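Mind looking over this structure? Questions follow.
Naming follows writing order (A, B, C and D), and every chain is counted from residue 1.
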């Protein structure tokens, strides 16, 4: 198995606060990793460091084979990131938005409808401004914007937040399917009882490092 | 750990800067004597010509400082590993030079306005060089404002470097557009290849004043640089303390 | 890259089309500025006619700054900038795309302002070509500078005050040249209007080149 | 204002500004230096002194 994420002694700083304090972690292709930990444990920062959005100040970091200390932009086009925020243009219509994200990710515009259906956004909402949607619907549009780009590495921060039970199960299905097709998934969640099922490995973080790793070899 | 950090840190003073500081004070004193007492009054401008011994070197130094800011900014942006000390060195240099440049631009404006009051009979003329200088002043005040904002240091430095470059490219554009607009100012006072209009003792006084002001500016830039370096050191220590305290706490609780 | 540029521009324009901030709020506000300026000059018709060129560019500066801020509020809202960084779209395309969208919006604003000035200040156009070339060059310079400085102040807490402080000194040559060129175009001053217009073209080209090269540095965080 | 008075004012302002700025820079440097326990002068001969430098 090839390593998708390989962090060694990684220290990262946001502003003037150390968010990662010597993190060691290797995630192989096809794994579904659940990140746990209290608020401020470094889950979000780890995901953002994997996406190359925060730079690594010391240690070694490779993502999808790219050295993040040399060029942290290189792997981004193969990564789908869903943060706390949904990254939605609230003035655009649902379909327009997903279409835009599809094209921006280099996918075909025609994949849009399939992605929206797969995530379960009802057709009635496709021509509605995103700003007028409920929180759960917005989350679904954000997930559809991700699905449409077919990333090789999924980085999800509390993806289940504000989704109802049915949508959660549907998301788990989508993730399981993607991992079977060879994608790697790392997601952070507080609600471990609900989501543990799809995870092949559980990592507990604290103080910007790994505290416990169920899959450590 | 403290001794390691401190051994490569610049101290607040060195023998070289001590000498430079004493030299700066002596040079300024001599400049005052030469400019205010020894050099003669001008036939046409009278005593007002003495203002030029500050005014003209100040703007040259200001331009020199802004050139330094721009060159440092280019070198900063070119450096690939910006977190390493070499890159941050250029960033500090850019910041300190810009601040000293702003101080001297301010002095240029004040002395220029006083000179104008005596020579033209008014503090302000919408003349090309005065207008350009005031815009230069505001532009670099904006640059300093950008540098002071609370943000990630690397992000801020990078944005500031881009701003320094754009501002510098913009200086000639501003100058020529305002110059076309109107020109009242006397022609450049001292330029290579042309016979200077200021001659004899006045010429030498102006030349000497430039040297003296250069020494003062160099001393200021070096010390300002050190203050930035010290501020960064302080931040780094706070950060190191934060990292170790996080580690200790987590080790204890688990 | 052309496709990416158009994609970004189309997105920005679609956002504007759905929200109608530029046409619904900024344009009326800019028209209001024209009225207020007339109050300041005591509705002196000959003064207004003489100063129309300069007042036009002051109003454009005001409205344009609001549009620039809006253009980057859209990106910083809901963490959209992250999605941009994660996308395959390169910094130059993003720069050109946003500039293009801003060009269209400021152009529309100018159309409204131009009609307003024609009616309110009673001006007549002596040289249409000069007027159009100067307006186009000025709008390009406005847009590219706007995107550059918008990105420079994006995400900073005090951007509402910082953006104008950084932007205006850079735009001074454009405001100056635009005012002079318009005065010639409106026939109130027999000046070298075309020289001013060509200066505007040069400025627009210089800033486009800078933005093209430097925009990437402004996007990266941390 | 007479020419002489204007000239003296100009020089006075300049010297005042430069002096104030210099004092501000130096004192700020010293303040942070003290906070960090850095000595004022560089160690001229590192072999002589292994500990922290705080002379003057």
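Keep this in mind: contacts are C-beta pairs under 8 Å (C-beta built on N, C-alpha and C of every residue); 3 or more make two chains touch, one makes a residue touch a chain.
Predicted, not measured: the structure shown is a model, and the values here were computed from it.
Colleague: Taking mean CA positions as centres, which chain lies farthest from chain D?
Modeller: Chain A.
Colleague: Using the average of all C-alpha atoms in each chain as its centre, how far is it in Å between chain A and chain D?
Modeller: Each chain reduced to its C-alpha mean, chain A and chain D end up 52 Å apart.
Colleague: Taking the mean of the CA coordinates per chain, how far is chain C from chain D in Å?
Modeller: Each chain's C-alpha centroid was found; their separation is 45 Å.
Colleague: How big is the gap, in whole Å, between where the Cα atoms of chain B centre and where those of chain C centre?
Modeller: Comparing mean C-alpha positions, chain C is 32 Å from chain B.
Colleague: In whole angstrom, how far does the Cα centroid of chain A sit from the Cα centroid of chain C?
Modeller: Taking the mean C-alpha position of each chain, the two centres sit 38 Å apart.
Colleague: Please output the residue numbers of chain D that touch at least 2 other chains, ranges allowed.
Modeller: In chain D, no residue touches two or more other chains.
Colleague: For chain C, give me the residues that contact two or more of the other chains.
Modeller: In chain C, residues 220-222 touch at least two other chains, as defined above.
Colleague: Can you list every residue of chain A that touches 2 or more other chains, as numbers and ranges?
Modeller: 13-14, 55
Colleague: With touch defined as at the top, which chains are paired up in contact here?
Modeller: Touching chain pairs, listed by label, come out as A-B, A-C, B-C, B-D.
Colleague: Under the definition above, what is the set of chain B residues touching chain C in their complex?
Modeller: Listed in rising order, the residues are 77, 135, 138-139, 141-142, 145-146, 149-152, 154-155, 158-159, 161-163, 165-167, 169-170, 173-174, 176-178, 180-181.
Colleague: Chain A touches which residues of chain C in the complex?
Modeller: Its residues touching chain A are 4, 7, 11, 14-15, 18-19, 74, 77-80, 82-89, 220-222.
Colleague: Would you pull the chain A residues touching chain C in the complex into a rising list?
Modeller: Touching chain C from chain A are residues 13-14, 51, 53-55, 73, 76-77, 79-81, 83-93, 96, 100-101, 103-106, 129, 145.
Colleague: Touching residues of chain B toward chain D in the complex: what are they?
Modeller: 2-3, 6-7, 9-15, 28, 32, 35-36, 46-48, 50-51, 54-55, 58, 103, 106-107, 110-111, 114-115, 117-118, 216, 219-220, 223-224, 226-227, 230-231, 233-234, 237
Colleague: Along chain A, where are the residues that touch chain B in the complex?
Modeller: 11, 13-18, 21-22, 55, 57, 69, 206-209, 211
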